[in-house]
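Going in written order, the chains are labelled A, B, C and D, and every chain counts its residues from 1.
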Amino acid sequence: MNAIIRPARRSAAKGLSASVAGVERELIDDLVAANRILASLNVLDAFGHVSVRDPKNPKRYLISRSIAPESVTASDILALDLDSQPVHPDDENKLLYRERFIHGEIYKVRADVNSVVHSHSPTVVPFTVTRAKLRPLLHNAGFLGLGAPLFEIRKSAGHGTDLMILTPELGKDLARKLGKEAAVVLMRGHGDSVVAPSLPNAVFRAYYTEINARQQLAAISIGGPINFMTKAEAMTASDAMLRASARPWALWRKKALQNLSEEAQR
Amino acid sequence: MNAIIRPARRSAAKGLSASVAGVERELIDDLVAANRILASLNVLDAFGHVSVRDPKNPKRYLISRSIAPESVTASDILALDLDSQPVHPDDENKLLYRERFIHGEIYKVRADVNSVVHSHSPTVVPFTVTRAKLRPLLHNAGFLGLGAPLFEIRKSAGHGTDLMILTPELGKDLARKLGKEAAVVLMRGHGDSVVAPSLPNAVFRAYYTEINARQQLAAISIGGPINFMTKAEAMTASDAMLRASARPWALWRKKALQNLSEEAQR
Amino acid sequence: MNAIIRPARRSAAKGLSASVAGVERELIDDLVAANRILASLNVLDAFGHVSVRDPKNPKRYLISRSIAPESVTASDILALDLDSQPVHPDDENKLLYRERFIHGEIYKVRADVNSVVHSHSPTVVPFTVTRAKLRPLLHNAGFLGLGAPLFEIRKSAGHGTDLMILTPELGKDLARKLGKEAAVVLMRGHGDSVVAPSLPNAVFRAYYTEINARQQLAAISIGGPINFMTKAEAMTASDAMLRASARPWALWRKKALQNLSEEAQR
Amino acid sequence: MNAIIRPARRSAAKGLSASVAGVERELIDDLVAANRILASLNVLDAFGHVSVRDPKNPKRYLISRSIAPESVTASDILALDLDSQPVHPDDENKLLYRERFIHGEIYKVRADVNSVVHSHSPTVVPFTVTRAKLRPLLHNAGFLGLGAPLFEIRKSAGHGTDLMILTPELGKDLARKLGKEAAVVLMRGHGDSVVAPSLPNAVFRAYYTEINARQQLAAISIGGPINFMTKAEAMTASDAMLRASARPWALWRKKALQNLSEEAQR
């Protein structure tokens, strides 16, 4: 996430979607890396998606066309408007993620959010179908203290859906359940959506949501009361991790782009 | 799974079984990939098998000779009739999977089924020896809402077998327990058999049966009632996943065949 | 495990211990592979050991000198007598596994046993410190129906040992606890020792002991009575697996020796 | 850990911090390896740190600058004094681990300690937020019999911290809770700090603390009383493992430095 504009690396490069012209190449690489990082950390399976708000045009966000996250390359990234429609006619025939409304509708109502991850985070799912609340016990997951409300799609769309967020209306309902403060909204029988002020922090939060779920499951198996973080601890830790997430990000990004480069050479 | 016949890639190629002459090479590669995918996803161990019905001759199915799934190459694939016997004399001396009747007997009675996976899916096995029913909680596993009946071999063959389906009669009993609708039949102390209208979908279902079992185990450990999918949700999701399984399939197939190609170059 | 003597591949080869002169090279490679297989399957950590009885001299067994199993190469293999002492003066200064008496004392009293694996099998250990009995529920683990008695070292050596089998006497006590029939003896707070009529079968049994322990743990977490295999089922399955273990062995051995060969070229 | 001084490999080499001049290169490589080993064993995530006391100047310790452990190379290692401040002006602008006081304050009060590992050991964390005590059940983890007290940061710094050891005072409180004998101090909602007389043994203890936690969690899930090691067994085993840790260390170090070397060539 580079504040300095380097014109030579603008996205007019060969193979990129015309919709991302003017976007820093570094941000596109960040988004490619984020997809691959979360797949390699087993937060994303062959589904799920990651987006980042365009820093130069906050009414747009960048996301891959509809492919498995671990396959994403720079040429798959395109820009959508906040109604989750392509901003450039060249992209109109591309297959888009059917659940992209998760991203657009959250960006509309959460000006503090610049990145969204939607995943089937494997140990989070069991917390969406039981009564236990996902709460922060590990300091890295202090952001869970901002709340992790559960979206029950039956309340919006009845008892016969495929649980997916396939319309703008369902996206709006999900964004409403996320609310003004929370970093995570759980989705019953489906997974979660995680938001953050930056892409590295969204990746960090998506990962530690899964880790906290695993550790909370273990603590429940051990038995007895769990000594969760206090609200104040969670807030202090969440703030600290906004900065601390730079460290894993540097490691993960480097490895992801190295693997991508090796893959390209095969 | 290619509808267009490309004569140049017919299976008369060097090293292939004569029994698959006339089968599209792409389908053979699909089956090789399916074996390797499910091994790399830890659904298949060194045992288990995957088959696909011959689209040009529905009274035949394709399956590997008896080797570990992650070793399968195109030259191991052969065609069997629905009595699970080789259709070509060249294959008569090959070692066949002893439990191949699982496949043939299911194809006989389930015209809607074009692919079968039999595995020792590790987290499914515990659900075959306990009273908890495997039920869909993750939307990807909606197909479990079609039922996941338990085959108890003691009812067919008494209390002293090795639990394996070694005869046509046991295959018929298993197919009967699977019934007209279910996508999965659990096999006590052994694993499961998963069926689907297509090979990519069978791979998808075998994988998400294991994932749903893991998440159901976690939900049980969390405690309290589990908010399973409704029957209508399961049906809607199952239909949606018939199409959605194309995405993981594209990713998995590419990786499996790339690894195979690298292996061949060593 | 080759019955035909091929003189050209005798062990006089450069770098091998003089104590294995006359042993088929294929058997030495089998033992190297077995060490590496069980390490890659996470049954062995950096400790543990695998042995095979010398088929030409049943009063001797082959085992590595004291190094981590995944590092073992052919030149590390040496022959010990059944008192677990080197049979050749060249090996007298080599560091030997301190717990090698496990192997020698079992070979003394179990003429049916031709291979022994001692490991800290990670999910078996919890079954050595709780009252639940490890019992066969997966057909591959039918051999557990031969019994899996628990060796409590406190009964032999009091309450202050390091739990290790450091003397011939402790080895004898362990072999006595194993008894005349069992394939596995559990060692409290330590791991297990697994025996079999052949090396491939010992590797198979060591692996499926761990897998059955994982599945039994999951079944316990699911709750309610567990439908274990009957004694007759266990015996039938155990017999069937004596033959069936050839399939994973072929796969695992090939991969292990391929990795060894690539390692040697680096 | 080499007692012989080899002048040609002194740390004046290109790229090393001036603060480590005079330190054996082998010790620096040991520390690099230790970081990478514990990351590959999943004891360390992208956070955590490993240090070793300077054998020639016990008022100093060596530790990496603030980067993810699996990225550490020799040029990242620097020397700090026991107040955890850089000993050489060249390092004053380097980013240091904010929690480095854990190391310095323990070295001040524990003359027997020559190495410290701080980690977010994933299965240890649940034992820091529940009432179950982490106790030795596996012989490799006998050192837990020396005690594994729980540091509750709320007692030192109130209910609103980020749980991190960011000041010398908190480091002193943690060292006090560790006490005169224990090998491990648990840190509520955070992880643990493990100490040992040598770097290989600290790596060994950090790993087997995690393994014992996993096995204790499994034993709790199995249910009923757990047959933990007696105090005398724990002491005997802990002593034995001081020597036995050389075996995994040799394996792990070799692999870590080989990977580092391959990484450098890419």
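To be clear about the criterion, contacts are C-beta pairs under 8 Å (C-beta built on N, C-alpha and C of every residue); 3 or more make two chains touch, one makes a residue touch a chain.
Since we're looking at a predicted model, the values are computed, not measured.
Undergrad: Trace the shortest chain of touching neighbours from chain A to chain C and give its length in steps.
TA: Shortest path length, in steps: 2.
Undergrad: Among the remaining chains, which ones contact both chain B and chain C?
TA: For chain B paired with chain C, there are no chains in contact with each.
Undergrad: Could you label the chain A-chain D interface same or different, taking same to mean over half of its residue numbers are used by both chains?
TA: Both copies touch with mostly different residues.
Undergrad: If you average the CA atoms of chain C and of chain D, how far apart do the two points sit, in angstrom?
TA: Once rounded, the distance between the two centres reads 33 Å.
Undergrad: Quick one: chain B and chain D, Cα centre-to-centre, how many Å?
TA: Centre separation, chain B to chain D: 47 Å.
Undergrad: Quick one: which residues in chain B touch 2 or more of the other chains?
TA: As it turns out, chain B has residues touching two or more other chains at 221.
Undergrad: So how do the chains connect up here, line, ring, star, complete, or something else (other)?
TA: Shape of the chain contacts: a ring, since each chain touches exactly two and the loop closes.
Undergrad: Looking at the whole structure, which two-chain pairs count as touching?
TA: A-B, A-D, B-C, C-D
Undergrad: For a test of understanding, state which residues of chain C touch chain B in their complex under the given definition.
TA: 137-140, 142, 211, 214-216, 218-219, 221-230, 232-233, 235-237, 239-241, 244, 247-248, 250-252, 254, 258
Undergrad: Given the complex with chain A, which residues does chain D contribute to the contact?
TA: 45-47, 66-68, 70-71, 120, 122-123, 125-132, 159-164, 188-190, 217, 220-221, 266
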